[in-house]
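The data blocks that follow each hold one structure.
Okay, so chain A shows up in both of these, paired with chain B first and chain C after.
After this line comes the complex of A and B, so read on.
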């Protein structure tokens, strides 16, 4: 049964646009899907290497801005040199956004992984804030707080097939669905590769991992590259779907949303960010008729606190514990850990 | 030259409140090993309490400051009591997520209670600035600096000259041994969090009348406090005090000579540079980082 669960889920979600009439709901699903993609990338760092990166929105925003600027074109002068860029197709924009975000992941990884714990968290926040302030103040390039409007939607196709422009919600829905499937497969392969085992070893006990010859910086930086690039893809998809971006995309609350998705679903599990993403992506739709935005955020905050107290491992591990015990699955997604639960010492 | 002099005076004034913020945060981290994301919200809370006492209840300006500080202390103690007490000894990420949750709750509760429109507190002091040669200082800002320095000195005395301070320092060095020597660790933790929160609220109550009070004011305050604390080294109180002035100075210089849009970026650039070259902070003896 468990083996077929991913296929059933994919088949179900692929059928959604066929029967769902509510366009607003479909829109919410697309946006949640994009955030789920970002949350999956954050899970690589937070769940598998155990590094709480609170600047993840920076990669998302960089992907969005790079992709938007590539497809819109720009003209800036840097130190007297005039740089003009003609618009390129949006798909190239998303690819470039992914690459640039990955490169930023490398640079920030190199810088930030010199420190751990609280220091790392604060460096990651600072990085996101600096990027936000640059997006806000480099008006010539980013249009500052006036936002970048009119970002073209994605087009797919080749010269011999003709191009299709993805204006509709349903088309974008499928793009995001495919992106999530690809990301899922990539992350699954990563996690079960020697690289994934190295990451988990670092999470569980860094000193011990080092002593058996795992290069700490190398693996952490690699994880940051993958996580950054994947978040960049999500940002690019976001820019071409929403078609307008402003520096608000770097809001800290966006990072918080990703973190909540990961820890609610279950950090360090493949399905966790997806489950958490669905819950928190759709919660606003359910809540909007009852409560205002402030109260909604208050509920988010309270839920975050509640999860730490009630389900410190998240929903997916709890469900697995519930069902997994009887079937004795060999396919446990959480590899053997030194400390299986992070319960507080009392 | 005159301009530089004016920047230096501004540095002193902002630096005083920044130091308050930083000392509060570093105390909490040093003793409790908690990265306190609610710190900026306590700062905003102090400012709103100032507004509540001084404007809504129409109380005396200075009395309002004192009440706002006490209110911050009570809220801090309440946060520690409800969220952190049972999670003592949990790993740092767990408490960090708790604190982020509390931060979101507090900020949106402020927005819900007070509305999004910025509030201002009128100052009872003369609005004419005091002009000394090329420099001008408003009386309000000079008063802010004075009170901030008094609070810093008071905190220093509490930590270094009282029995409570001795217990706090003992807990900081080794909580297990301190407990064996009869220090009530739980009480120390609550008091530390309350004291740190009171300092943040004090900074808010002092700067509230200088600027305007808005629900999101706490975000930047939190991040600046982190910058200050990293500068001085996490848990280093003297370092945090000096760090406050360094951050104020670099912001003044950054805003005055580079671009005012990047004023708030200076703190983060400082964090990144310090961690690149001296990860333990400028004033720390060698210690483990992380």
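After this line comes the complex of A and C, so read on.
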């Protein structure tokens, strides 16, 4: 049963645009999906290596700006050199945004993983703040607070098939769905491989991990590269869907949203950020139809506190434990506890 | 007294190593060798610097002076995982296993050094990587059987009885494919039957030609298994010889029992 659950989920979500009439709700699903993608990437760091990055939105924003600027074109002068870039197709923008965010993940990983715990958290916040200030003040490139408007939507296709421009919400919904599936497969293969085991070993006991020959820097940086790149993809998709970005994309609340999605869903589980992302992505919209705007965010906060108190490991591990108890583990494979991290990260 | 009593090829050499923590001298001037296939025990009262010596050898601590060489390679400045990659693997006194992970996966993690998975192959889930993973699982079973905890493969590391946790710690180290094994107080807190089990494991490892450096307080066990014993006191080596030589060394007796009270 558990084996088919991902396929059932994909089939269900693939059918949503076919019967959902409410376009605003579909829009919410697309935006939530983009943030779920970012939360999945954060989970690789927070859930599997145990490092809390509170600057994760930086990779998201970098992906968004790189993708937007690649597809819009720009002209800046750096040290007297005039650099002009002609617009490229949006898909290339998303790919470049992914790559640049991944490279930033590498650089930040190399620098920031010299420290751990609270110090790492501070370095990650500072990084996001620096990137935000660059976006705000490098007006020639980013338009500063005036925002980058008119970002073209994604186009897909080849010369021999003709191009389709994805204006509609349903089309973007499927793009995000496919991106999430790809990210899910990548993360799954990674964490169930020797690479993922090394990351989990570092989370559980760094000293012991070193003693069996695991290079701390190598695997933390590897996780940061993947996490950065995936968040960059999410940012790129966001830019082309919303079609306008400004430095507000770097706001701290966006990081917090990702962290909430990961923690409530269950960090260190594959499905955790998706479950948490659905709940906290849709909660504001669902609540809006029942209560006033003041109460809406209070309830949002209460829901979060309630989940963290009642299910400190997150929703997914709780469900797994529930089913594990009632059905008895009949899997022929050895049960992998790699998916449960019981102790709260200090 | 300090003459090397071994004719074996020395593979691990600690030369003039000193460790100072600020004004505190943890190790003053330490010199000893461990030969190929030899079992050497490092003993001494609490605070003598035994664990500090381990930390220096395995790269967890930088020596203030001196150097450590393993098979001709200087270990100075190497990180712990680099020391491990030379085949010199240690266990720990306290943090010995991954608590929240199954015994089987503990060993899989320990096998890290023997995995040759490529990132690309892993992401593409290529047959080569899947076969390598299956082979790795086989190896994990072999190690669990060797150590004798294969029937507990599905238990969480932290839920094992204490003695078995120590065995798992050794299994983790063995998984890293060591040619020389450094065991930090492996039988401390074990009862007699657990210790006996551990000694039989040590003998199995020696039969496989592993070189072993042991830090231990359990004297009957040390005297029984060691080829040679190095005695540390106050950061200084006070004796180095066979178990029978050590047992009759007046300086060692004094270090352990203190100055005899003069009777009136």
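By our rule, the second predicted complex is superposed on the first by the 305 of 346 C-alpha atoms of A that agree within 3 Å, B and C clash if a C-alpha of one lies under 4 Å from a C-alpha of the other, contacts with A are read in each partner's own complex, and residues count from 1 in each chain.
Here, a contact is a pair of C-beta atoms (placed from the backbone, for glycine too) under 8 Å apart; a residue touches a chain by one contact, two chains touch by 3 or more.
Given the structure is predicted, the values throughout are model-derived calculations rather than measurements.
Visitor: Identify the partner contact of A:52: answer first if only chain B is touched, second if only chain C is, both if each is, neither if none is.
Guide: First partner only, chain B.
Visitor: Is A:150 in contact with chain B, with chain C, with both, or with neither (first, second, both, neither)?
Guide: So A:150 meets neither chain B nor chain C here.
Visitor: Applying the document's definition of touch, where does A:123 land relative to chain B and chain C: first, second, both, or neither?
Guide: first
Visitor: For A:73, select first, second, both or neither according to whether it touches chain B, chain C, the two together, or no partner.
Guide: Neither chain B nor chain C is touched by A:73.
Visitor: First (chain B), second (chain C), both or neither: which does A:137 touch?
Guide: first
Visitor: Counting residues of chain A in contact, which comes out ahead: chain B or chain C?
Guide: So, of the two partners, B touches more residues of chain A.
Visitor: Does chain B (first) or chain C (second) touch A:302, or do both, or does neither?
Guide: The first partner, chain B, only.
Visitor: According to the stated criteria, A:168 is in contact with first (chain B), second (chain C), both, or neither; which is it?
Guide: Neither partner.
Visitor: Touch test for A:195: chain B only (first), chain C only (second), both, or neither?
Guide: second
Visitor: Of the residues on chain A, which ones does chain B touch that chain C also touches?
Guide: Residues 342, which sit in both footprints.
Visitor: Please name which positions on chain B make contact with chain A in the complex.
Guide: It is residues 29, 35, 83, 86-94, 96-98, 100-105, 107-109, 111-112, 219, 223, 226-227, 230, 234, 259, 261-262, 264-265, 267-269, 271-272, 275-276, 279, 289-290 of chain B that touch chain A.
Visitor: If we count contacts the way the header does, which residues on chain A are in touch with chain B in the complex?
Guide: 50, 52, 54, 111-112, 114-123, 125-127, 129-130, 133-134, 136-137, 252-253, 256, 259, 263, 292, 294-295, 297-298, 300-305, 308-309, 312, 342, 344-346
Visitor: Which residues of chain C touch chain A once you look at their complex with the stated criterion?
Guide: Residue list for chain C touching chain A: 58, 60, 79-81, 84-85, 89-92, 95-102, 104-105, 108-113, 115, 117, 119, 122-123, 125, 129, 133, 136, 153-154, 156, 172-173, 175-176.
Visitor: Okay, in this complex, where on chain A does chain C touch?
Guide: Residues of chain A touching chain C: 186, 189-190, 193-195, 197-198, 200-201, 204-205, 207-216, 222, 334-338, 340-343.
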